[in-house]
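The letters A, B, C, D and E name the chains in turn, as written, and every chain counts its residues from 1.
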């Protein structure tokens, strides 16, 4: 009953080994405050948030077969929702997170309703349009969002760097766990089915549009949670968080990590955030050239991403 | 998954490594963190900024306030999130004494917030957002509002008391500058502008559709555009023949040295209100312009001047000793190539002369001086 | 002329041809018959290199074709009229014929003589033609390559009887050309072909001259028919 | 009256967009490769011209000479691109997107290193740097003329010549074309070369209109993508119609509903995709 | 149970299906035969709901379902197999069938299922796979042709349909395979509409045969009647008399 092919890289191991490795990684990550200084810890927390958002996009792109170029809109929706809640309603980070997730779901329903009617490259371009319209909306709703200068007057969370790191780690771990469970549950498999063969799904009695919409909602909700973390870390959010460049960055994380897995993009997300920080510190303006070269090299050397394995080809 | 664990290990090691390089700041050196756009859409300004700061240090024996100076440049890529991350790195890891640079306003907002939390003073060398400034945040550039306000005051005298049309990029710098203009203009006795035309920021490749919305009864046009949009605007305005239909007054960015060469002949005759001109006649400016020209072969841009003054401000404050944050607030008069200016006591924004400049024969000739408004 | 030995091939992991072997005498037309799904189309696709042979040999004259790619096989003088026609939808009749034309005795004018109804439609695009016209265009396209070997895959499929008759007349007039004709329409097949091969489950199991085949209705029933 | 000028101006932009986008759509149609380096190619054309002639007006002959030089550069870069994407032929759009995105970063950052990160612009050639009747830039008329000429030539080659018929046949059914003995790979290569050369040419043509600066590659790429999506992929006619439509949206559209200007471009694309999910001239697949 | 009235499908100028009326009774095994291009698959697609007819009506269980989308028809009990295997190539055989089982039980959109229900589904899936002699773990994309055809049927059976549409289920099977397959089908107790070229299978399975040519019904009757029909013979073998003169 296991969906062995989709899992790609990690399907090679038993479920037990996989769980042990996950637990070990979690312990190692939880111990990071004892090894890293405040700045690096903060960087890692940001990396984890991006990793979670990359994993959510992998759920959409790899698992759902819906290549989105507007995923940063969900980051923005989550971040603004959490930030506005912090500013106007409650200092409770967990409540802010819940509001962010709810906003992500709502936004996914509103936009996904239209988006899932397009396919492939056209889905890509449609989501790009949604992302850009979201940027404009955030920029121009100055009274609510602070406009292009961002929502600056969000009160501090009151959590110190270490506590916030653990909070972020917990959210990322739970969020990632939810993604994995959903992927392997009935709905997740229906989503995989819709990716593989829409005609057959309809013939089996599935409402394919609904299934695809569910994929958008799940990915959007989890991404919004990641967006909330980004906001809570910096207590700042600006329209630049939603820009196409961020969507592209998330998509690159997915491709580098291997779109057939969820863990690969998570790791690639953390890695790319850390790598950018390291290279831009060390190389100045040349960091971008190095990153471009990295993408090119990765395409050739890691054809299926860091952890991906080629999905079985249809005969 | 094996790879995953491995990758995590590598990652954590790489994150740990280098932690030893940080050293506690000691009294004999002063560390300046400059957050600059080295990449991204603002990197043209970033180049000037970095050059000016380094030029100042070169010219002052690499010392600020008598202490050995260390300038650490970090790339914000034009993005506030990255800028804030860099601010964290500079304060927490490099333990800089002061953060400067800051081109785009959103970046400055995010960085000021972060630096405030880390109790590190900030000297803004470019960003114009009105809201910036206050405890620990100092600005040697200008507020968008004052930029427009000065132009508004000037316009009443030079362009008449009615028939103003405003046009600008639809983002905070644009709307704040236009708001400043409207206030400056009406307070000086001008009538309310008859129309305001806003154009999508960063997405407008062509101003003809917007220029065509200027009402026929308009007497003059005041505009705010910067960077690539400034080039396009200036060229469009001239080439669509608007120079013969309506008088033009602009913000300083449209005829800044950054863009003049790209605009070419179409810049000829444009009058703008700005805080600086390479043609200003004072000894500080003469020295500054000759140094800059020797280095780059061009006239200094406004950003270059501001960055130079940012270092000058830090230099003076560091020389005063004590807490840098307090000292920055007490520097008093700064003899800048733009003329002498001070920072106001409350928000630490510059109180400075503005100049009406007309671009002729390759330089922005100063045609009028607009003194700072005591009321604002 | 054409000698196929122990040819196997298929799609993905599914093997379709099982050691198929046949010979085509020079200048003769051979009809390949068989029920749906026995591998006739795969057979001609493999000859054309559209499906890669797994093993076996395809010799055309002195040239070994197995292992060559489609273009190389085409350069050896093999042309195909594929099932479903596959005419270029956005090219006019004239354009299609022009880009398919090579040096040799076949000219565009000669194709128009063969199919006068095509000449009348020379300015129309491929997707504006009727099925019969598309079939004629596909045949014309192949003929303009002056093939040493012409492969025809179900030319009569989906065509009205009158059109099939016209096709039959045209194909019969190609006296002396080496042809492999895959057909379900027996009428057309025996009208055109000199010899008959029957295929069952990816192998050839029956061969005869058309005259012999006509005297052997049992074979037709066994390999092709309804009652069995 | 002024709306007429605006609409006319939209044609100028549409012409530029067509030259920019037609290569992108053809490369997509024939190779099934989404070339995200297309914007960087445009940028390369513009920066090459800037590096050669600077920002002062030159004679028309020099300008045309530089445009031809950019075409050569486009051919060279196109050759590089087709070598780079060959190993990825069967790897799907997203892998190709990652590769071409990486190449785009490399190319555009390289250009900014060679030139500088400052704002630049090409001057219109002498004789075209003024205005017609003091109210319409002569260069834009030249862009329309050049754009229509290039569009006309493209159509003519594509619709009326043997080479064009071969390209269309290769889009329709490459397998059958190969089965006629045609070297389809060579056709693909020529389309990549031509598409890239048109992109660099557009860079020179658009230099005096859109300026040269960091970030130009992405801005231009997004415009080109919108054009080909709205028009429908793999169709020259679609690229032309898409370019003209987007040209008007960006001029007449924003003049008519200025308050929606910021949303207009993307809203139009989204609306077209909902109405005709494969673009205005797209073939349902 | 199924009643088609004047069903028509036009593609451009071509009438792929041209006014077909037929009805299939409860428990009947109806075979649909005819030469290539007769319109069988088009007819199938219309019954299943994948194609909207240009004219005519489809009645299922006494209700007009002509306007009902495909997935709603599936839920009412119409299941189909595809002429060219249409599987979830990247998923295992078991998952292919499980998708069908969960859809039938209305669990396809559940985020999560308890282990009890999962075991239940797994048991059922194993049952269908065993019935069709398939192994669980192999990805559907890696199956041989015959196995893929059987998986097609396994998925349709897992829907426990009231009306099963089989579109050339035996195409490309070896004779041993198709004989075995015919046996499997014979043991099903569901209403069946089957398009098949392998006439061995047709005559082994069908209780009633309808012959389609050029989009029209040209004959209709028991297998024996069809075998004996000269008209059918002519359609299949061309004008036989002219050939064997």
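Assume a contact is a pair of C-beta atoms (placed from the backbone, for glycine too) under 8 Å apart; a residue touches a chain by one contact, two chains touch by 3 or more.
Note that the structure is a prediction, hence the values are computed from the model and not measured.
*Asks:* Starting from the defined contact criterion, work out which chains touch chain D and chain E both, please.
*Replies:* For chain D paired with chain E, the chains in contact with each are A, C, in label order.
*Asks:* Looking at C-E and A-D, which one has the bigger number of contacting C-beta pairs?
*Replies:* Looking at contacts between chains, A-D has the larger number.
*Asks:* In whole angstrom, how far does the Cα centroid of chain A sit from the Cα centroid of chain B?
*Replies:* 35
*Asks:* Just the number, please: Cα centre separation of chain C and chain D in whole Å.
*Replies:* Inter-chain centre distance comes to 43 Å.
*Asks:* CA centre of chain A versus CA centre of chain C: separation in Å?
*Replies:* Whole-Å distance between the two chain centres: 54.
*Asks:* Which parts of chain A, given as residue numbers and ranges, touch two or more other chains?
*Replies:* Touching at least two other chains: 136, 139-140, 245, 288, 313-315.
*Asks:* Among the residues of chain B, which are close enough to touch at least two other chains?
*Replies:* In chain B, residues 39, 43, 170, 200-201 touch at least two other chains, as defined above.
*Asks:* On chain C, where are the residues touching two or more other chains?
*Replies:* Residues 12-14 of chain C touch two or more partner chains.
*Asks:* For the complex, which residues does chain C have touching chain D?
*Replies:* Answer in residue numbers: 48-50, 69-71, 73-75, 79-80, 82, 86, 88-91, 95-96, 98-100, 102, 126, 141-142, 145.
*Asks:* If we count contacts the way the header does, which residues on chain D are in touch with chain B in the complex?
*Replies:* 2-3, 5-6, 9, 13, 55-57, 109, 112, 116-121, 123, 129-131, 133-137, 139, 208-216, 219, 250-252, 254-255, 258, 261-262, 265
*Asks:* Across the complex, what residues on chain B touch chain A?
*Replies:* Going by the criterion above, the answer is residues 1-5, 7-9, 11-12, 14-16, 19, 22, 38-39, 43, 73-75, 77-81, 84-85, 88-89, 92-93, 105-106, 109-110, 113-114, 117, 129, 131, 170-172, 200-201.
*Asks:* Once bound in the complex, which stretches of chain D touch chain C?
*Replies:* Interface residues on chain D, with respect to chain C: 162, 165-166, 168-169, 171-173, 175-184.
*Asks:* For the complex, which residues does chain B have touching chain D?
*Replies:* Chain B reaches chain D through residues 39-41, 43-44, 46-47, 170, 197-206, 208-210, 212-213, 227-228, 230-232, 235-236, 238-241, 244, 258-259, 261-265.
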